[in-house]
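Written out below as structure tokens is the structure these notes cover.
Each chain gets a letter, A, B, C and D, in the order it is written, and its residues are counted from 1.
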Amino acid sequence: MAPEVKQNNKRDRSVAQRIKQWLGIVVFGTTTRLGRAFDIGLLWAILISILIIIVESVPSVNERYGTYLKTAEWIVTILFTLEYIIRIWVVKKKSGYIFSFFGIVDFLSIASFYLSLVFPGSRPFILLRAIRLLRIFRIFQLTHYLDESAILGKALIKGLKRITVFLSVLIVAVTILGTIMYVVEHDENKGFTTIPQSIYWAIVTITTVGYGDITPVTYPGKIISSVIMMLGYALIAVPTGIVAAELTKQKDQDVFHHHKRVGECPSCGLDVYDPNANYCRNCGKPLPEEALTPGDKQPTISG
Amino acid sequence: MAPEVKQNNKRDRSVAQRIKQWLGIVVFGTTTRLGRAFDIGLLWAILISILIIIVESVPSVNERYGTYLKTAEWIVTILFTLEYIIRIWVVKKKSGYIFSFFGIVDFLSIASFYLSLVFPGSRPFILLRAIRLLRIFRIFQLTHYLDESAILGKALIKGLKRITVFLSVLIVAVTILGTIMYVVEHDENKGFTTIPQSIYWAIVTITTVGYGDITPVTYPGKIISSVIMMLGYALIAVPTGIVAAELTKQKDQDVFHHHKRVGECPSCGLDVYDPNANYCRNCGKPLPEEALTPGDKQPTISG
Amino acid sequence: MAPEVKQNNKRDRSVAQRIKQWLGIVVFGTTTRLGRAFDIGLLWAILISILIIIVESVPSVNERYGTYLKTAEWIVTILFTLEYIIRIWVVKKKSGYIFSFFGIVDFLSIASFYLSLVFPGSRPFILLRAIRLLRIFRIFQLTHYLDESAILGKALIKGLKRITVFLSVLIVAVTILGTIMYVVEHDENKGFTTIPQSIYWAIVTITTVGYGDITPVTYPGKIISSVIMMLGYALIAVPTGIVAAELTKQKDQDVFHHHKRVGECPSCGLDVYDPNANYCRNCGKPLPEEALTPGDKQPTISG
Amino acid sequence: MAPEVKQNNKRDRSVAQRIKQWLGIVVFGTTTRLGRAFDIGLLWAILISILIIIVESVPSVNERYGTYLKTAEWIVTILFTLEYIIRIWVVKKKSGYIFSFFGIVDFLSIASFYLSLVFPGSRPFILLRAIRLLRIFRIFQLTHYLDESAILGKALIKGLKRITVFLSVLIVAVTILGTIMYVVEHDENKGFTTIPQSIYWAIVTITTVGYGDITPVTYPGKIISSVIMMLGYALIAVPTGIVAAELTKQKDQDVFHHHKRVGECPSCGLDVYDPNANYCRNCGKPLPEEALTPGDKQPTISG
């Protein structure tokens, strides 16, 4: 009968729905015990997969443990692939996840592995998965870290225009100073062979890195270098001063903006795991700011 | 008849005037579409001309593409020359442009090219046109950048006296420390051969550049070096602290000073492109601060 | 008779008690003349013992003065052992000292010596006693220094979260940049042999240390390096700005919190030497904040 | 007759007095035209005498121009000797000048020359006269510079305690880190031969100087080095933050303290040249703050 079938369908859908919801909590959640455990496990898997690729590039290690590393890499990547598929499956607004920052990173970190099977030269790009480590902010004291990086970000953006001015002047200075050193040194110094080389040297010097692969040998060259070093030593004050000033001024605004959306979704009862979310990740309904009660309880699973 | 001729003259003058005015808007303007397009094109031309000269100094590149690069350089420089002539022609107060900062830079960047045809040794000085890149501040969000660099400049000037004190002490310190190291090391170290060399080393060390072309080898020398490094590491705090303090204090003054002179000139109807201008670049009449209406509209061309 | 024996016991205990109390003042005290003299002597002993171990590692010195150094080391370590035993004996709450920061450091600095007799390879770890030098804060203008380090500590902790965010981003950046450089350089450069090596190079570069043991040789490598250097040069602004902002903001709170617990203990009459103590180190009674009178007088010794 | 002789004596004394006073104005004065001219001449003489000694240490220069340089040096030093004698002669409170900072520097810069005639090895110490260059603050916009260095000095002193704490921790850290690296590296690296060498390396690394004369070669060594570099890169924030915070807080106090003692002495009419003087340098009388009128006029010479 229609009603029965419907009910049966409903029950079937309900089971799939429940699995989907449960998986959603696991892979996206951070405030539930399971969600947190999953995230920590994921972080370790990312760390291990990064270490494998780093360590594999050392010939002596690769010779000895190559097979084990390869196997481990396969396992980790298959897990990541499963995770990616699950994420897409459980998320309501699929394009929202796929084209989000972490969505793209997740895809690239898997795709780069499969690509490296065809083009071995692209292997090192698997290390792009290091970006996935930034998920760490979502795990440990999540709200605090997100806040902090927001404040830092705000200060950096407010100071960005000033830093752009600073960098433009720096690049022009480095071009001119590098050229002057090329004129002064290139006859007697096998380091300053070309102008790009001299500009590279000027950058190494003005940033106080000072490799020493190219160094002035003539007296005029050494005098000009001394001026560049002093300049670089004094100039570092500019970006530092800019950021310090922005952060000092930002005191007052920080006091507000502390309403968090952490708690239960009023429509579907799902635990909301993202303090910055405006819409429930599961049912897509808007989240009222005041209705949410913070907590670490297991969410109610309702069909 | 006199009136007719006069009218004819008027019309002729009017045509020349209109071309002149239109060119003025193109080469000097930044708020009109055409003016902006011209500026962006100019920036690319400058960038390309710089890259040509940089790249040409690499022997392997010059051997292969030398003829193309030379041709491109000629084309760019001829364009720059035309631009310079137009700028002088269209500006009312010619000496105002010729002896302005950018006027001198524009002249040198052309002159250095023609000079290099006679004296090939002066070729690298064509890179002085890198300074022209600073025009970038006039293009992208012009007013903001100009403001920013003004605030930064004010902070730097206010902190300049303090930085002068700091640099004087630094130079005296470096002279004395370099001499001490010369006394301690020069018998056993082929790096510290002369006092100027030792002073150069002291600068390399105190600014934390540390090339490593000259390094201490005796134990007393290493102890003194350690002190110099610690000094340099702690001293960097001084200029940084100065700039940070100035920028933090400057908060209050920044709120005012936001009247901009961007809009239409009330006398000749020309779009005023420079927010810091007190006089119209075209007709030389003073610009009333309040009469200007900001906008991106095409200026009215009137004889 | 019982009472007499008791009294005798009392007197005996009283003598031991007095010695114990006197020793307590000497080894733990900092505001009494004797306590300060002991602390200064101790510092010198620590300094000498550190210098002995440092100097001994130089073969030419060890050959000549080896026996004297060994003897001096034995003497110093026996003195330290005695000091440690006395400290445990005189302190009321023994576990309080033993498991305190300095208690553990004191133990390790002695134990490492005796251990090195059995395992000569562990010798250099005796230098852990360098940590004992931090006792210096307890000697010179003690309260001020403790205050200062507390303020600094508070600022650092408040800024710590921000610095953690900064370091996480830095580590991810360094991993990716190092990998990119490995891809770009490792065919033509014997420095970038493996990915860990390239990451090490990226750290050397972004922190502006710039040893120069590994340097880029290809043009793309030099361009990427230049970007990394600029990044490192600009990024240093972030932690600096964070600490500067915290210290600037901390002004207001510093005005209060200036009640010091320095003076005589009201229960046992012992001079209280630690301004942060809430309980008397000798008798374990709580110290009333207002009852303490600051001073440098010899404490009353009462049974 | 007695009165006549007395008067004659008076007149004689008066002439000597007037010369003395005039010389006093010339050598000590900075606000009179003559005094300023003398100071500028003196600065050039100091600069030249420093350049002579620096340049003389270069063998190729010394071979060619040795005789000229020697002669110039003799001339300059004789002038300095005369200046020193005049200074002592004209000053009222002789010990005040002789034992002042600049008095001692003036003496040493002459004495070191005469000493070098007997002990040629002490020659380079003549460069101590570089300290005399600090007189420059007394010449150019004197009051402003003195003010600036006072403000800077105040900030540095207020921050000094914090910087001492910072440096103590740094030295302890460097000792321990250097020792650890010695243990890790010294078997496979000919750079880390002794513990002092390793500590020197740790200082070179933590201050971000990074000569590259000693670098880690083992993987554990490179990992520890990376940690040290990150530490040094983050730690620089501490002294910088301290100075920036002090300078930012100092705003309010700077508004006052602007009464200057520049003008005519009310007792002897001498132009007072030192804004920080409380007593007239010529007659020793106290200087009333309000009675002084600033100016650049020639002082009245009265017997």
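Before moving on, here are some points about what is shown:
Simple rule for what comes next: contacts are C-beta pairs under 8 Å (C-beta built on N, C-alpha and C of every residue); 3 or more make two chains touch, one makes a residue touch a chain.
What you are looking at is a predicted structure, and each value in this text was computed from that prediction instead of being measured.
Each chain's centre was taken as the mean of its CA atoms, and the one lying most distant from chain D is A.
Least-squares overlay of CA atoms from chain A onto chain B yields a rotation of 90° to the nearest 5.
For the pair chain C and chain D, the distance between C-alpha centroids works out to 35 Å. In chain B, the residues that touch at least two other chains are 166, 196, 208-212, 232, 236, 240-242, 244-245, 248. Interface residues of chain A, counted against chain D in their complex, comprise 208-212, 240-241, 244, 248. Chain B contributes residues 50, 53-55, 57-59, 124-125, 127-128, 130-131, 133-134, 136-137, 141, 144-145, 148-149, 151-152, 155-156, 163, 166-167, 170, 196-197, 200, 203-204, 206-213, 232, 236, 239-248, 250-251 to its touches with chain A in the complex.
Only residues 161-162, 164-166, 168-169, 171-172, 175-176, 179-180, 182-183, 194-196, 199, 205, 208-212, 215, 219, 222, 225-226, 229-230, 232-234, 236-238, 240-242, 244-245, 248-249 of chain B touch chain D when the two sit together in their complex.
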